[in-house]
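Below, each structure is written out as structure tokens.
Next come two complexes built around chain A: one with chain B, the other with chain C.
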Partner chain A sequence: MKRHLNTLFVTTEGSYLAKDGAAVQVRFEKKTLLRVPLHNLDSVVCFGRVGFSSQLAAACAEAGVSISLMSPHGRFRAAVVGFSPGNVLLRRQQYRAADDPELTARIARNCISGKIANSRSVLLRAARDAKDEDRSSRLKLAAKQLAPILRRVAKADDADTVRGYEGESASKYFASFGDLTSVDGFQMKGRSRRPPLDPINALLSFLYAMLAHDARSACEACGLDAAVGFLHRDRPGRPGCALDLMEEFRPVLADRLAFSLINRKQVSCKGFEVTSSGAVRMDDKTRKTVLTAYQTRKQDTIEHPFLGEKTTMGLLVHLQARLLARHLRGDLDEYPAFIWK
Partner chain B sequence: MVMLVTYDVSTASAAGKRRLRLIAKICLDYGQRVQNSVFELDLDHAKWVECRARLLDTMEPEEDSLRFYRLGNQWRERVEHIGTNPSTDLSGGTLLA
Partner chain C sequence: MTYHDDELLPISALQHYLFCPRQCALIHLEQVWAENQLTMEGLLLHERADSPTHETRPQHDGVRIRVERALPIRSLELGLIGKADIVEFHHPRDSSDSPRIIPVEYKRGKPKANDCDRVQLCAQALCLEEMCSTGVTEGALFYGTRRRRTEVVFDDDLRRRTMQTIDALRTMIEGRVTPPAVRTKACEKCSLIDLCLPDATGGDRSVARFMSRQLNAHLQDETTDE
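Then we have the complex of A and B:
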């Protein structure tokens, strides 16, 4: 089984990455900040103005370490990856499945069932933890409203119907987000993105970007084409398959983390700034806190509900990518989405 | 797992000085330097076999000595650091620069 390898996040603007033997060296103003052997890494994520040498790019490609370049606020810009690993037969199978409306609907249905079930769990868990009776009952009510949608999704037999239910559940779910936090200044008035208009949305967008990065590497690591999705339609530059895989993890890995960070006061409103366009962005310190929390979360152990194996949260998305590959190959009748308990 | 590699390389001759540099470089390919001739390597078994073979090829058994300590997967309980130059937890902590 794949080992859970670390991700190197480079957030220091103006730093430079060089190859040093079989390791990455992070340099800043002629000083070495960090040196990490390539075999300890799964990927390198650079934020903003970070340079790297072509020798490093080649060594990373060969060692199967991807280098992602993100904007300072987590928007994906470019990636350096080596030859697609694995298997052209699997990719052909994936394209065939993506062209087959029935298969597409089945995979999309399972992804979204997983997402809604996990969203419900997040709401119910928050309801149990809430000290305020009113808040708790509102959260329970929201979770209750998701249940019938979940039943209807299970019967949906084309992808567009699934997309419709997804939208319906998402609007119900996000409507109850205000009840998930109890800290002033973090009130949420619905989901906004491109740009995010309040701190919670900025936080969520950033975490989703990190999750998308991980899902994308998971697809590539097991030979799937990250661009060809089932729930997400093909669009140039959009990693559809990675976004499909990510759906079931959004509530568990991103949303819950965002709310713990706020409720535990690890991030505060002061760590966010409003730009002239109205977009809300987090500052460097907050971004580092969020990245550290995200990495720590990924190292928590959990038992995989379908495989029954102990694993880390960070490896879950890799396991799901492999399960999807197994389904596409015909070794599994259905794609078993990750259901968080 | 984590391996601890320590060495004494005879630097009496020019060839010895060369071996010292090469052995340090090999160790750096697989892990991090924690003290002058002490390295912690966080790797899987396959990588360790590769590293060990390279080290044995480079050393001169008549003159140098190598010691390998197997700290295993539970190495965090077995290592305590006091003082300057703390090491980075390459597989567990957050790698942030």
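Then we have the complex of A and C:
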């Protein structure tokens, strides 16, 4: 798959998308802001109140471009995807594997091994970059504490055990987030999700939502049922398989990006508003900055450790979805998680 | 035995099967499909032959040739369905005789090393024999680069080969098993290479070993880091 996966993010509330030949036209208050050929796109992501024509929806479906509708803060609401006959054999295999404790445990274990290893890499890189000696050694220590958990996860043979180690490693990892940045106003008071209670959490939640969106598209593109996961048990409305796939990428694509945006002062505290309930929201400008940085990060090239081929960060989740599908179909003995170096 | 309507397999699957059984399974069992240049060119070349039309050409010796394009064909005996690019029906002067039937298939590029095009054409002939209750003894392939017809005789050898391929195809489809990848020269020209991942899935590569090597290397880094 050499095709580049570009996403058109539409963040201006009140804008309207129309079909213009074989392109998407973005209009706002009767003015055309932008025109993007469909063949350059993989998906269109609309935030908040954005309208589109049924002709555009049909043209996108035909061209294999999905349109996703998100809340202003990136929560997934709905999508327009074309008809794909799906892969009934793959799906049956996926459901069988999800019902099989042994297979489920092996997939979950590899996803989480990847996640913990990648979390450690994030900490170790930050430790290397930190100017402050104390911070650096605290980060190294945190990475060191994750090592035994990683060793144990790699041997776990039941999904609940994997989930337990996952929780343990996550709390250790998040506890060291305070050391990932020294910029004032970006102190993290533990992980808060619904709603995020500080700027870092707001930033992370938004990036995780983007990542989940990409993982969901990757599942759909290769015929997997995005709803049926292994690590994540079925819950109506939850894209379990997409969430499983994104675990390995959270540290690399989201966490690291969040901290580099903060440390390079590309986002500032002023870009986050605290509502009267205490929930923290990003303003439009910050959201745009974050989306641009996320898209740029996805263009970075990387060598895929298992496939040994050059690819981009953005295509990684698609490749991982394919590898998961090939494992479920019996071509691979296990799911090869992505381990970042 | 005869097959039911919805058990029929596409004739084109025979070609895929002969090119690579795994490719055939990926397309016809798993329904993954990737357009690449080869398939696109194939489509363009087919466009003309693809719109169903027919015409009748009188010939000087009194033989009338009726040419059918994009003719739907099937065989319930063999369990096949498809479309013939072009079928010529040569009607002799004496109209009580049944016409001579000649299927003609358009192919991009040049004649291939294996006989997949001939097998596909022969399968069409077998369908036509069943549908028209008459023998079909010869057909022709028209290659894009050659721009002329290559005659194909449906002899016992080719018929046997075709029947064997149909059997093997049916066994694979009904078994619902995608055969493992085997890296060959064909992979370079295969439109499904990025979905098939022959280098990753073929051979005896073990993910279990890969994962433990990766994790060991990762944990190794830590000790050197201190």
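By our rule, the second predicted complex is superposed on the first by the 337 of 341 C-alpha atoms of A that agree within 3 Å, B and C clash if a C-alpha of one lies under 4 Å from a C-alpha of the other, contacts with A are read in each partner's own complex, and residues count from 1 in each chain.
Basically, contacts are C-beta pairs under 8 Å (C-beta built on N, C-alpha and C of every residue); 3 or more make two chains touch, one makes a residue touch a chain.
Keep in mind it's a predicted model, so treat the numbers as computed, not measured.
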Looking only at contacts as defined up top, I'd like to know whether chain B or chain C touches more of chain A.
C
Thinking of the overlay built on chain A, is A:A147 touched by chain B (first), by chain C (second), by both, or by neither?
second
Partner chain(s) touched by A:N263 [first = chain B, second = chain C, both, neither]
neither
Once the shared chain is lined up, is A:C222 touching chain B (first), chain C (second), both, or neither of them?
second
Does chain B (first) or chain C (second) touch A:S136, or do both, or does neither?
neither
Quick one: is A:A117 in contact with chain B, with chain C, with both, or with neither? Answer first, second, both or neither.
second
What is the contact status of A:P305 with respect to chain B (first) and chain C (second): first, second, both, or neither?
second
Thinking of the overlay built on chain A, is A:R326 touched by chain B (first), by chain C (second), by both, or by neither?
second
Thinking of the overlay built on chain A, is A:T11 touched by chain B (first), by chain C (second), by both, or by neither?
first
Residues of chain B touching chain A in the complex
25, 28-32, 42-44, 47, 88, 90-97
Can you tell me which positions in chain C touch chain A when the two form their complex?
29-32, 34, 176-178, 180-181, 194-195, 197, 199-201, 205-208, 210-212, 214-215, 217-219, 221-222, 225-226
Residue numbers of chain A touching chain C in their complex, please.
1-2, 85-90, 110, 113, 117, 120-121, 124, 127, 140, 143-144, 147, 150-151, 154, 222-223, 305-308, 322-323, 326-327, 329-337, 339, 341
Chain B-touching residues of chain A, taken from the complex the two chains share:
3-12, 15, 20-23, 26, 28, 33-37, 39-41, 288, 291-292, 295-296, 299
